[in-house]
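Letters are used for the chains, namely A, B and C, taken in the order the chains are written, and counting of residues starts over at 1 for each.
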Amino acid sequence: MSLNYKSIVAAATFAGLISGIAYAGDLTVVSWGGAYTKSQVEGYHKPWMAKTGKSIISEDYTGGLAEIKAQVESGNVSWDVVDLELSDAIRGCDEGLFEVIDHSSLPPAPDGTPATEDFIDGSLSSECAVPNIVWSSVYVYDSSKVRNWNAPKTMADFFNTDAFPGKRGMRKNPRVTLEFALIADGVPTSEVYEMLGTEEGLARAFAKLDTIKDDVIWWEAGAQPPQLLADGEVIFTTAWNGRVFNAVAAEDKSFEMVWDGQIYDLDLFAIVKGTKNLENALDFVKFATATEQLAAQASWISYGPARKSSAPLIGTYHDNPDIQMLEHMPTSPAALKNALANDFMFWADNFDEINEKFNAWLAG
Amino acid sequence: MLDSIDPFVRFKGVQKSYDGETLVVKDLNLDIAAGEFVTMLGPSGSGKTTCLMMLAGFETATHGEIQLGGRSINNIPPHKRGIGMVFQNYALFPHLTVVENLAFPLKVRKMSAVEVEEKVNKALDMVQMRAFSDRKPAQLSGGQQQRIALARALVFEPDLVLMDEPLGALDKQLREHMQYEIKHIHESLGVTVVYVTHDQSEALTMSNRIAVFDDGVIQQLADPVTLYEKPENAFVAQFIGENNRLMGTVKDVAKGVATVALDNGDIVKALAVNVGGKGERSLLSVRPERCIVASEKTQGLSALNGRIEELIYLGDHIRCRMNVAGDDEFIVKVPNTSGQLGLVIGAEVFVGWETNDCRALDYLC
Amino acid sequence: MPNVIEPITAADGTPLKKKLARALFRSKIRAAGLVLPLFAFILCTFVVPIFALMVQGVHNDTFHTYMPRTAEVLEDWDGSSLPGELIFATLAKELAKTKKERTVGKVATRVNRQYSGARSTFTKTARKAVKMEAPFKNAILKADKKWKRVEFWQAIKLTSQTWTPAFYGAALDYELSLNDGFERKAEKERIHVKLFWRTLVISAVVMGFCLLLGYPVAYLLATLPLKTSNLLMILVLLPFWTSLLVRTTAWIAILQSQGVVNDILVWIGVTSNDSRFSLIYNMTGTVVAMTHILLPFMVLPLYSVMKTIPSSYVRAARSLGATPTWAFLKIYLPQTVPGIGAGGLLVFILAIGYYITPALVGGQSGVLISNMIAFHMKSSLNWSLAAALGGILLGGVLLLYWAYDRVVGIDNVKLG
């Protein structure tokens, strides 16, 4: 484990050896595992396999581009389609790790609206990737635990340690964290990124974070925050809304999300450059991101479909007809009241520098 | 000062058990006088080393008392007993030089540097190892290590030195040489030595007295001559020196002489040392060098028929293996005198001995 | 006696030396053949990748590969005023070319590491460059205002240099600028040196705890009868057989403020329910979890050394008058130094490279330099910086190794 960075280089050298041994299916789709992959298998993989008669191998990964970079640079590509965060999609596209996908070739909505207009605004910004879901960073509390305070309502409440004393969970990453800080400090969502782009704005965000620094437990893996909350380690925690929904719907937790100040983001499919199954991969991506499949996936997990035309088709949770999925999605009107779209361009430009400052702030 | 009547070391009814089921040492009573060299001799597992370890303080007696200089040392930890000890594999501290090894017991006693140096040098001179003072033990030969171990056990001038098979790892020649050296050091220092070995010749060479151990019990405690000449039971007779065994049944015991019928019917007279009454089984023990081989019976000697099976020429004597009374392992050491070279394999001869040299002992199957 | 010493010959008349050399050569070839596969394996999977990685720490040719002409003309630029038309024209042409070849992103990412925000400037300008016409200087300056800044150009020139000490500088919190050379970063932005020190300190503390806890265990293992010690050994090795994540998660369940330890402390009244101890998500948690995980690496070398020390040494010391403590300190302990050295080195070097455990239980004060390396390796893809950080870490370990050799002696290490 400890020598992982060495083994990655080794993997780059020897990826060929390993992929040569691995079973070669018609298509290998790589995603984040857990409930999320499950929803994709039910919503995309099974229907596609039924339609084409071809097989899909589903693999899990923990995000990041290192493995993809290793495969592409060694010329031995064993992953075909990868589910990515937008920032990684853009960065990977810049680095030439992905095939270009002609967005005009994507199937139109059932009513004939072309795909380029059907996908939610700005989501087709990477020429290498096609979005499938909208996910969101929110903060959560456990309503089953008796506290001597009323339910929090706003992002400012998250930072208010006087009214809500106790530990808070936050992701150990400047992304989202700094935006939350500014929103809590009263910056309108429309001005958050403009503000973050200036020295003063950045300082203001860190100053706001300073007020809760001693009360924060930092998490890194998506599975951690629901656990921290369930264990009573924290009173609030930022989390990804799908994970929270899963804890509520499948594990019967009484977690409540606070949508105020939520930051939504995209997950996208990209095709690894140099894949031997390019045709299958293209066909799968087009199929999976069509209106019906996106809606089908939505009955398995509470992430919003990336197409507007999917919204009317969203039904109830596959396991429980009482749960209306739309209510739990970051794209629902209630959730969007005070929401911020992740500005991937801002982060693509500034992540390295801000992250360095963030880490220095953390260590200081 | 020691009371001359009180022994220096005393084992009083000492028992030892490791597992609570069997006794390794059974009711040991042993007194050792100051200045004595006492050897505990016995086969492995006979309890001799356990006794030594109890005396040193590394094992505790399950029952009974051990006294040193008149007071009980049962509850005194090893480092306060002031007993020097030489271990089987020397146990020289490998990370210290010869001088440091020797200085160890002195520094523990907080002696001054001058005193330490003086005593270390004296001890090194005693074992003639002055030239090796700066070496590490690994750079010394087995014999040299042995000398250093000896010097270390003596350097703090203990009244009692324990030695646990100290010569076991040396080759034969060196071992014999060291035996004399230890004996001389003992004599010149006047220190009390308790020595453990399973080598009977070693025990005979060095000791004032020998305690023969078997099965957790002292079988016989005596000086070397008595032990060899007058073993009190079959075990001691067999364990010490070479020994011919003849089995038989007691016919009669009178005036200290037993008449024993051997299993082949021959009748032999023997010194009644350790026999039951008439009809009891007995083992007769005769030393090979006390037998005489002759073509006819000699007046005044017990004599049996025998056939020569094998002759081994050993220079100073001839080792003659014979079949006597149905036993073809009967050995006679024939002195290499001019007349004896006429022995022939297969010859039917008489083998005889003095009645006093044949000891009727308890029967061991 | 002959005056000339004849060379000794073998039975067939060839000189003995030659014959011997030939015989030895054959056996040497055979021996080499036996180790060759392993040697090749290690060379390919370990030595070469490490070397390649180390090279990346001082070598980055991204810019030079995709914009070679620009890199060339930039060499003559004085670095103090805006460049002339020639440079702008070359840049425009190559931007257009990289746009077509879809490589502009790589160049942009590379420059962005030196100058935050450069990425969008490059991609934006590249889009427009396809249709640009002379004079290029005006056209480019119009495309994005960053091109007007001399510092921006200085950053570009820096990235155009293939061999650069910039990454090693950055790994030590120094910033490289074209005209002023290295300068220490602002107090608030220094992080790596702090993390290096923290890593060394935590590793040393973990090593200390491992020694403190492992020594008695190893002693027990070495002195107990075989049957009992085998059972104990299984308990010691148990952590090896559970996955790192499971073990770490178990520590979370035990140490967290609603966890087992705190529950017990509250129950017996050591602390109140409102003031539970913070045992995890800080340095304490990191040290506890790492000590547990690394303990076997200390116990095993100690055990193998202690196993070879007969009990007679301590007995001899006792019989010579030493108290148990004295005998332990002067006789037993010095003989276990090779085990302490081996275990200590193992634990220390492994601890230096740990990042999963600190990431999960370390909170903000338990982050180590290896977390930083993993981050630049896996997330930011800044392999050059990761290589520089790794190179410094490797250098540090070698330095410590050297120091250990000088102080204790490396032959005083016994691994098994």
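In this text, a contact is a pair of C-beta atoms (placed from the backbone, for glycine too) under 8 Å apart; a residue touches a chain by one contact, two chains touch by 3 or more.
None of these values were measured; they are calculated from a predicted model.
Under the stated contact rule, the graph of chain-to-chain touches is a line, running from one end chain to the other without closing.
Here B-C and A-C were compared by C-beta pairs in contact; the pair with more is A-C.
Relative to the whole-protein C-alpha centroid, the nearest chain centroid is that of C. Centre-to-centre separation of chain A and chain B, using mean CA positions: 87 Å.
Chain B and chain C have Cα centroids separated by 65 Å.
Centre-to-centre, using mean CA coordinates, chain A is 30 Å away from chain C. Those residues of chain C whose C-beta lies close enough to touch chain A in the complex are 44-46, 48-50, 52-53, 102-106, 108-109, 112-113, 116-120, 123, 188-191, 194-195, 198, 244, 253, 256-259, 281, 350, 353-356, 359-360, 363-364, 367, 370, 372-374, 377-382, 386, 390.
Across the complex, chain B meets chain C through its residues 56-58, 77-85, 87-89, 91, 93-95, 104-105, 108-109, 152-153, 156, 162.
On chain C, the positions that touch chain B within their shared complex are 310, 312-313, 315-324, 326-327, 330-331, 334-335. Those residues of chain A that touch chain C in the complex are listed here as 1-6, 8-10, 12-14, 63-66, 69, 91, 93-96, 100, 167, 172, 213, 216-218, 220-221, 224, 231-233, 345, 348-357, 359-364.
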